[in-house]
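Labels run A, B, C, D, E, F and G following the written order; every chain starts at residue 1.
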Amino acid sequence: MTEGMVMNLVRLLLYLVGMIGFAAFNAAYLTLLERKQASWMQLRRGPTEVGPWGLLQPVADGVKLMSKQLLLPRDVDVPLFLLGPIMVVVPPILCLVTIPFSETLVARNFNLGLLMIFAFGAISTFVLMLAGLASANKFSSIAAARIVAQNIAYEIPLLVIVLSLVMSTHSFNLHTIVDQQAGGFWHWNLLRLGTNPLMPVAFLIYFICLLAESNRAPFDMVEAESELVAGVFTEYSGMGFGLFFIAEYVNIVVGCCLATILFLGGWHCPFGLLPGLHWFLIKMYALCVMVVWVRWSFPRTQFYGLLNLSWKILIPLALANLLLTAVMLKLF
Amino acid sequence: MESAMPVKDLKASFEAIAQRDAVSQSLVAETDHAAKGTNLDVTVPAERVGDAARILDLAAYMIEAITGVDWLADKQMEIVYDFVHPVSGERVTVRARVPRDKPELPSISAVFPGANWHERETHDFFGIVFEGHPGLIPLLLPEDATFHPLRKDFAP
Amino acid sequence: MSSDAQAIHHESFVLNVGPQHPATHGVLRIKLTMDGEYIVDAEPVIGYGHRMHEKMGENRSYAKFLPNTGRMDYVAALFNGHGYVGAVERLAGLVVPERAEYIRVITCELNRIASHLLWVGAFLVDLGGFTPLLYCFDDREHILDLIESVTGSRLTFCYFRFGGVCNDVDDNFIVGARDFVASMRSRMPMYDAFVSKNIIFRKRCEGIGILSADDCRKYGATGPVIRGSGVAYDVRKMEPYSVYSQLDFNVPVYTECDCMARYRVRIDEIVESLRIVEQALGKLPAGPVMADKVPRALKPPKGDCYFNVESARGSFGVRAFSDGSENAYRLKLRSPCFSNLSLFQECSRGMLLTDALALLGSLDLVIPDIDR
Amino acid sequence: MIKYFQEIIEGAYTLAVGMGITFVRMFRRRVTLDYPYRSLTMTARYRGHIELKRDEATGQPKCVVCMACQKACPSNCIKLDGQKPEGAPRKVLTSYMLDFTTCSLCGLCVESCKFDALTFSHDYNLTSMRKEDYQTMDLLRRVGGAK
Amino acid sequence: MEEGSLHLEKQVDVPPGLIHFAALDNFLNLCRANSLWPMTFGLACCAIEMMATGASRFDMSRFGCEVFRPSPRQSDLMIVSGTVTWKMSTAVVTLYDQMPEPKWVLAMGNCAVAGGPFVFPGQYSVVPGVDKLIPVDVYVPGCPPRPEALIEGMLKLEEKLTGRRRWPTVEAK
Amino acid sequence: MTIDLSPEKVYPVVSALLFAGVAGITLLGAVVAASARRLVYSVSGLALSFVGLAGIYLFLQSPFLALMQILIYIGAVCVVIMFAIMLADVVEEKSARPRALLAGIACFLVAAMLAFALIVLIGRTAWMPKAVQVNTGAVQDIGRALLTRFGFAFELISVVLLLAILGALVVARTGRGNNRE
Amino acid sequence: MLNFFTQASHHLGVYLVLGALLFAIGFFGFCRHRTLVGMLVSGELILAGASLNFVAFGRFLAADPVTGQIFALFIMGIAAAEAAIVLSIMLAVYRNYRTIQTRDLKEMEG
């Protein structure tokens, strides 16, 4: 056993633990953030009684969910029903592997990191659908059908936007993409109007697609409470439901990380000063706050309106953006 | 929506129904709205409620309610239909009586689809059978209910 | 392809919404037959909240039925009380002092605002927006505080008595009501910007859930539902009861027949109700709040009569039959929600599930009012 | 085409306005009443369950056992009893049981009382793990009257 | 023995050998008590007050119990808010059965406690108290109870779970 | 006996284990896909098999291909198949009749023979010597090749995809149109 | 043995055998499944076997390893197109005939 080997193993283990811990911590405390922020918007206090400022609320929720009975309803397809929550939580956590939180803090700087995130993101659609089907509940099945239509519809503009970014950055490597944005916020992709004057629009489209892909309100067809009871999750109890919950929030985190990397200059300070991990986290959590803010401000879109939004507005705009990027690249 | 047919004309139409019957059970009376809450109070034979409803439908009246009353002492049941004109606000009350041991009369749900539920409810409470009703199953009571709680001789 | 193969109908499935479902606001059950996301047939199954009000009206004295009126349409409980005492007063020929009538109007209109506010919030929850509900509840709490200071309860008021009201209002109430009118007026632009103008909300309401005026007529749908379909039917104008004939207000009417029209009618009605409250407060005469000679055991003469009021949900009517005894011989309670819901089955055919639930929400249903 | 973009921009604007409204409210004063720490004072007319009034002079309940409240109650939730001791001018209340679980808080009993002997309590936060606590509420004991 | 006390019995009946799990049990109960997710389940008048309790003025969320779950599978607490009729009773029992253990029931309002004003001799529709159908843990009387009373009911349930009350008691004013 | 745990010894074993794992997953998924009676399992097996295949592609030094495999096959193809199953509302195939069982055995035999023959063939064939590789097969190279040497095929594929989408739309649309009222 | 095991991923033959097995399993499924969807799934397996072969050849034998990958990409494109078309046909068939069982599609023959 050589020393390098041990170091490697330890490093691997640390990253694994760190990743899962990061995911779990974020999932837990984003729920608290969500509840708190929603409360503030609604002129109330939110969780305050469980721990100081309600900080122990996620702990209580988590422990409670874990200690709840796991019900297996009669008609469900047991193997798929049980696999669903596990499979849905693994891909987004794996996505975290390739995300560079700072110059040095990255588990695996993978050359095709960007692609990997989207590939893994595609798995969760499939699994959510499987879980909905396995529940043998009509509400779940309708929700599953909606998920597919929704995720396919929003994957297209998302990929097209990312494609236009890849065109202008020449790389799938997240580290490289961030490196190109060093030195002040005017170098961020968001504001690089020289390469593409539609960049802010592209960011907006990306953000909308992020909401839709992580099934957040106003696009939360997975869990359209007032229509489909709890959508795909209707039959899940205890930690089965908890894992879906975690997956949803980790998805948001991954999406926000990616937005930070692609558009907001990753770990770079907006003023071109010292870079650092905290800048990345500030930007990322600011985006998370945005996500929550949007959720509690609007009613849910109508399902067909949601598809229309994608096919009639986002996809044409994204394609126009792609075309413009190509033209700009050729010209300048 | 058409404007209201004056109460006078309506009265004439109802009197025409009344005259068609050999034994005139019909009674048409204009009433004081302030005292009775209705402008025209019409009593028709049970089998004529359909005609009455058609007259009111043609005059663009709106169905407001259908009520049953169990007159135990008279061995009769009374069915009261309330109509209101949505533009003029005039009210017409149509009454019909059926014998208590054979409470049957035609349904007006073909004329006023809204009567469907009111008739089901009246059937629930009084056991009055509306002939020609598409589905006279309990509405407010449990699906398998066989009792009629608002009959005066109801005892659970 | 052979013709008989095409004749086979598309397979549909049955979806049971309720009796406990977030969209049904209580214990309504809707048996939906669906073709994909389209509704083939939606059959409401009601009666899960049947509380025998009409039976209770027969087996107890007139006065003892009063608490029940607060529990039919509990969101706008005062209107039921108004309808019931109105019917009995008409039957017994009681004259109500003017001050009492004004107090009835003021409290009822405040109740209407509270009810519409609750509806706006609940409707938005149906559409998936939660925050407006809490803003509405915030405003609604002010009304409830006001009414509680007079009636002593927050929801199921038992305030009106035959021949008047049981408590007089005091100056605090009048000042509070004026303050509320002012503050509510200032809140309306916020609702307009936050809810009415919101593009998602508009997309979900405009052109959705069309109910023609004729449908409303044939089904007896009243209140904001028929007024959203272009018919200015309002009991307060058609058959002015209480002191409404002395007050100046408009009946908001929209001709679009969709959910948005019904929403706008209700929002405009809040504004009109504020006007009514303001006027009534200004005109509030001095004097007693109870008629002098109301016998303790009321025994109206034989006969029957009908009395209806414009409740927050439409025309609430009471047909009371008296046989000269202490108890009503028969008490028919005509609830607006009952008729409003009855048109759902026909009008939701061919709609998308989401739209049908928006339509259901826009009818403003209070289930125990339907089930009685 | 212009309409298409106009709609997008207008829609986005309304959404921005909506977000602005929620954003502003994030920093407004909370309307929450912290219930177990701070609580409302009930209004004078608040209707809790009924309570017997005490005659301040004698310390005894004012009730004269006229039974009016029992008769007026729509849901028969009041059961009271009294007896006339030797030499007393009027009946003395011996028991006053309230079945609060069927009460509808209508206030007819209080109105029916000609002797101002009944009032509403301001107990607005009753809870219990036992149903019996409210099925048989001994109002006489609550008021501290003689048994 | 009343059905309602079934749960109490279950808690008391700890085998002596397992007594050292008591600390864990206490911890679990503490967590459960602070994360009572109610089911979106309104029956009648009290449901409006339940909504008001969740709204800004009274704000149940402070105790972590504002997460109204539409599906019984994810809820811990069933707030029976309103009149239960016989027609509804099967649905209530089904919903209760669909909830995963451990679960609690809070009867809100006189109707849920004992049928309220709707029980009279000869009535044919109303269940005289939801405890006839399912075990009830906390009773909150009132018609309807004020939102404070519902919060108080939640605190009572927490008291039942953890054995102590963390909050000051409020005297009515 | 001491176990040599130097990286040079351990890495190949780990990588071989991984390889065996992904190959196993591939074959397992394929078997499930081919033999499951319920279509939902069948598609799930297919998805599993494709995950394994993506792993094999990684071993073949084609990470781009591996990710595209997941993105396209699981994210699109499997999802669409599953969607169709759901829309068509078919969860189970009809229970196998004796004849079907017989046919199944026959199928199995034929398939096994086929596999055997192919494997024998693979074993017998003398493959060409390994050529000197002109590049590493990185994404950049793929892109360059795709737009230069294989430009025509690339365009052709685009046209095929476009036609497929249009065709699918037309077919599915008429199917719907016939049946709505 | 261990040597072969550790070197397995560097042998062309191993990949070819895997491809062949995939192909055979796909073939088996194709014959056995009685529904259009089942057959489509098996067809995808056969295609997967084929593309595995392409990539393996490209990696081990070709001068330009890109070629094999591009072929696999093309197969993916074709497979996606095929899936779309087959499924839309399947849906149309299902809507008109209420079945996706191949046996029941006799009508098409005449």
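Heads up, the rule we're going with is that a residue touches a chain if its C-beta (ideal position, glycine included) is under 8 Å from a C-beta of that chain, and two chains touch if they have at least 3 such contacts.
Values in this document were obtained by computation on a predicted structure and should not be read as measured data.
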Chain labels contacting chain B and also chain D: C, E
Pair joined by the larger number of C-beta contacts - B-E, A-F: A-F
Of all other chains, the one whose Cα centre sits farthest from chain A: B
Chain A and chain C, separation of their C-alpha mean positions in angstrom: 43
Geometric centre distance via CA averages, chain G-chain B, whole Å: 71
Interchain centroid distance [CA atoms averaged], chain F/chain G, Å: 6
Separation of mean Cα positions, chain B and chain A [Å, integer]: 62
Chain D, residues touching no fewer than two other chains: 15, 18, 21-22, 30-32, 34, 74-75, 104-105
Junction residues of chain C - those touching two or more other chains: 6, 10-11, 13, 21-22, 47, 50, 52, 55, 60, 67-68, 71, 131, 134, 138, 141, 156, 198, 200
Junction residues of chain B, two or more chains touched: 141-142, 149
Contacting residues of chain C [partner chain D, same complex]: 60, 63-68, 70-71, 131, 138, 141, 148-153, 156, 158, 166-167, 190, 193-194, 197-200
For the chain F and chain A complex, residues of the former touching the latter: 5-7, 10, 38, 40-41, 44, 47, 63-64, 67-68, 70-71, 74-76, 78-80, 82-83, 86-87, 138-139
In the complex with chain C, residue positions of chain A that touch it: 38, 41-44, 138-139, 142, 217-218, 220, 224-227, 229, 296-305
Contact set on chain C toward chain E in their complex: 19-22, 25-27, 47-52, 55-56, 59-60, 67-68, 71, 74-75, 118, 133-134, 137-138, 141, 154-156, 367-368
Residues of chain B that touch chain E when the two form their complex: 141-142, 147, 149, 155-156
